[in-house]
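Take a look at the structures listed below.
What follows is subunit A paired twice: with subunit B in the first complex and subunit C in the second.
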Partner chain A sequence: MPERYIARSTAIAARLLGGEMMVMSALDSTFFTLNEIATVIWQAADGRTPLSEIVANKICEEFDVDRERAQRGAEQFVDELSQHGILLVSNQPLLNSCPPQENS
Partner chain B sequence: MSAALTLTAKHTVSVEIGGATIALHTVDPSFQRAIENRYAGFLGSSADSHFVFDIDLCDPSESGPADDELHLQMEKGEWLLQRGNFRARWNPESRRGWIHQTYSSYAVDCVLRIVHTLLLASQGGFLVHAASAIRGGKAFLFAGVSGAGKTTISRLAPPDATLLTDEISYVRREGNQYLACGTPFAGELGRAGENVSAPLCGVFLLEKGLQNRVEPVGAAEAIQRLLRNILFFAEDPELVQLVFQSACEFASLVPIRRLVFVPDPAVWEIIR
Partner chain C sequence: MSLLAEMNQRALNLGIPLSVHIDITYRCNERCVHCYLDHDDHGEMTTAEIFNVLAQLADAGVFFLVLSGGEVLMRRDFFEIVERARLLLFNVKVKTNGVMIRAREAARLRQLGVEQIQISVYSHRPEVHDAITKLPGSLKRTIRAIRFLKSQGLKVTIANVLMNGNFSDGAGVMALAKELGTSYTLDPTITPKMDGDTSILALRIPGSELKEIFHREELVGNVEEFCAPPPPAGEDVMEGYPCSAGHTACYISPYGDVFPCVQFPLPSGNVRRQKFLEIWRHSPQLNEVRSIRAKGLTVCSGCDHVGTCTRCPGLAYMEGSMRGPSTADCEKSFQRTGIPSANMLRRALAGPTTPLIQIQIH
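This part shows the complex of A and B:
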């Protein structure tokens, strides 16, 4: 499977509140609440770090989960958010596409 | 000379909601009276106007149905508003606007709601589908979609409560607190709220049930439910972001809880 790079869309509004990351699409007002693992992926989505590296260095390091399972979950999460235009996904690094980190 | 002046004379009605006054100019004296009647209790002085709109009345045959979808977009520094029975332009910088509409206060109502929505969004406030009332110097909001019980909770309010609205509440930010202000936007109750304000001390998400109780609500659900009830127009991404951030700020400063209630005046005993 080719490497995937992910970046947060600029057409979103996001906020970390009470330990929960809330994300809303500015295009269709879809609202998501991200769990802990999804929040880590979201925060690491800088367009430059491959998804597999995020899984290996962030998810597997911080949570008690095996790599294969974490990768499957991450792919699913990325697919869902990308369908709503909330995450941008590419097989190449997404340079200059990532908005600044949201407020906490 | 005097005849020419009479023909071009503009009649002004200034409508003051939430401390912001919007002057409405019309050449039709009967429409002026209609607007004055509609916004009785919320009339201000034209000398204090923050914004001015010229109303241009048109024949109903020129317009579409009133329930057409609203379109709102920013173009060259001006907001363009369009719905079946009106078209409007508003330039926030020059503080002037224009409404082309049929002889109906409904179109004015729509424009006022939109202008206040845009105005509040830039200041961290919002209009929200909620009843609101003041009791003991504190304001409370009761949010919910149509049928959730906004009018019911308003009808059950004790005599010492001041009703701000049973339909659309006005929330204005002032530093680290929020004020709830009365609005002329009424629901099934059919009467405008009082034109007063008070610090907002809590929001209750309405839910009909078998007994009266207040339940805590998590931050994410509180914000999601609040956003569902806030009036905004999703066609403009910048506005969506502003409203989202405002809702998050609001939820971090004002308690949002669920109010499960039965239609009985005793429910007001747990509102505090």
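This part shows the complex of A and C:
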């Protein structure tokens, strides 16, 4: 499977609330709350770090999760958010595409 | 429970101000007869000061940001403020009269990812709307703005304040909203001016007309449900707090003053002198507002309507006590259900008040 790079869309509103991220799409007002693991992926979505690296360095290490299972979960999460246009996904690095980091 | 309701509950538990309303100016190009503001500039926050406040609000966890006025577009830096707010990832709602919005402004609002624009429309008839705004041609310009905004795919809500002089036009404005593809909200609340002047309360809709409005299906939806007698209040109601003011929401004036709500003129601090979070967490005034519970209301705790009334603690405060009744809301509850409030019964029992001394000069 080719490497995937993810970046946060600029057409969103987002804020950390008690360890979980609230995200609302400015395009269709869909509202999401991300659990702790999804929040870490979201915060690491800088367009430059491959998803597999985010999973290995941020998820497996911090949450003590099996790598294969974590990767599957992350792929599913990325697919879902990209369908709503709030995460951008590419096989190439996405430079200059991320809004500044929300409070953490 | 919806996701948003869950987030609201979590913010409440964590003491986080989820929503903040900032009036960035009180200046306005309209002179609405019912407006509670003066329209002079007494020293508005500068662009840099507003940027600083926005950064503090983001750090405090604010998600929903309402930018309002006055007329927001009277500030030359309005789009800079919106741009900064969006960079800080707020969900931004703008309240405007739309008079200064043309194709370019609409496109910019869309580009910046503004969530919603709320526009005041008082009537579908130009002669009525323009008489309220005191700006000739204002309805035409406002409708033109709505069309520009809609053509950009933006979400627009028409806010229809009803008062003496336009209360029969609710259905007409609603039809206009439908034609323009916007949502519609009606509000029969007229509040005293920020300086305490109550003269504009004479514009409030008389009771009989209010009753008619509350019983029109096209305006309120299911009339039977909307006008149902209040169910007995349980313990959860009596332990409940009246609204989000001071709990998950607050208001900041163009001069940096912090209040529990735009309708609750209890000065609670100033962001020019203190950090926002210091005010939010430690202001004695905000803590006093947070201590209000239905069971502690002086008159309303014994009222049949205590669980369903729209009692506004800000309006009650302007009448003398944040724990007392708000007679405008008593009237609404009565006209909606036909059941008098405890406050109305108390007043009726007390009989007409007579002055202690009467003097007639010939």
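Heads up, the rule we're going with is that the second predicted complex is superposed on the first by the 103 of 104 C-alpha atoms of A that agree within 3 Å, B and C clash if a C-alpha of one lies under 4 Å from a C-alpha of the other, contacts with A are read in each partner's own complex, and residues count from 1 in each chain.
Methods note: a residue touches a chain if its C-beta (ideal position, glycine included) is under 8 Å from a C-beta of that chain, and two chains touch if they have at least 3 such contacts.
Since this is a predicted model, take the numbers as computed values, not measurements.
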item: Overlay on subunit A: subunit C relative to subunit B, clash or fit; value: clash
item: Contacts of A:Ala11 with subunit B and subunit C, given as first, second, both or neither; value: both
item: Which superposed partner A:Met24 touches (first subunit B, second subunit C, both, neither); value: both
item: Larger contact residue set on subunit A - subunit B or subunit C; value: C
item: Stretch of subunit C penetrating subunit B in the combined three-chain arrangement, among 22-30, 40-48, 76-84 or 346-354; value: 22-30
item: Subunit A positions touched by subunit B in one structure and by subunit C in the second; value: 11-13, 15, 17-18, 22, 24, 26, 29, 31, 33, 103
item: Interface residues, subunit A side, partner subunit B - complex; value: 11-13, 15, 17-18, 20, 22, 24, 26-29, 31, 33, 103
item: In the complex, subunit A residues that touch subunit C; value: 10-18, 22, 24, 26, 29, 31-33, 99-100, 102-103
item: Touch list for subunit B against partner subunit A, complex; value: 218-220, 223-224, 227, 234, 237-238, 240-241, 244-245, 248, 251-252
item: Contacting residues of subunit C [partner subunit A, same complex]; value: 3-4, 6-7, 10-11, 13-14, 16, 18, 58-59, 61-63, 86-92, 113-115, 155
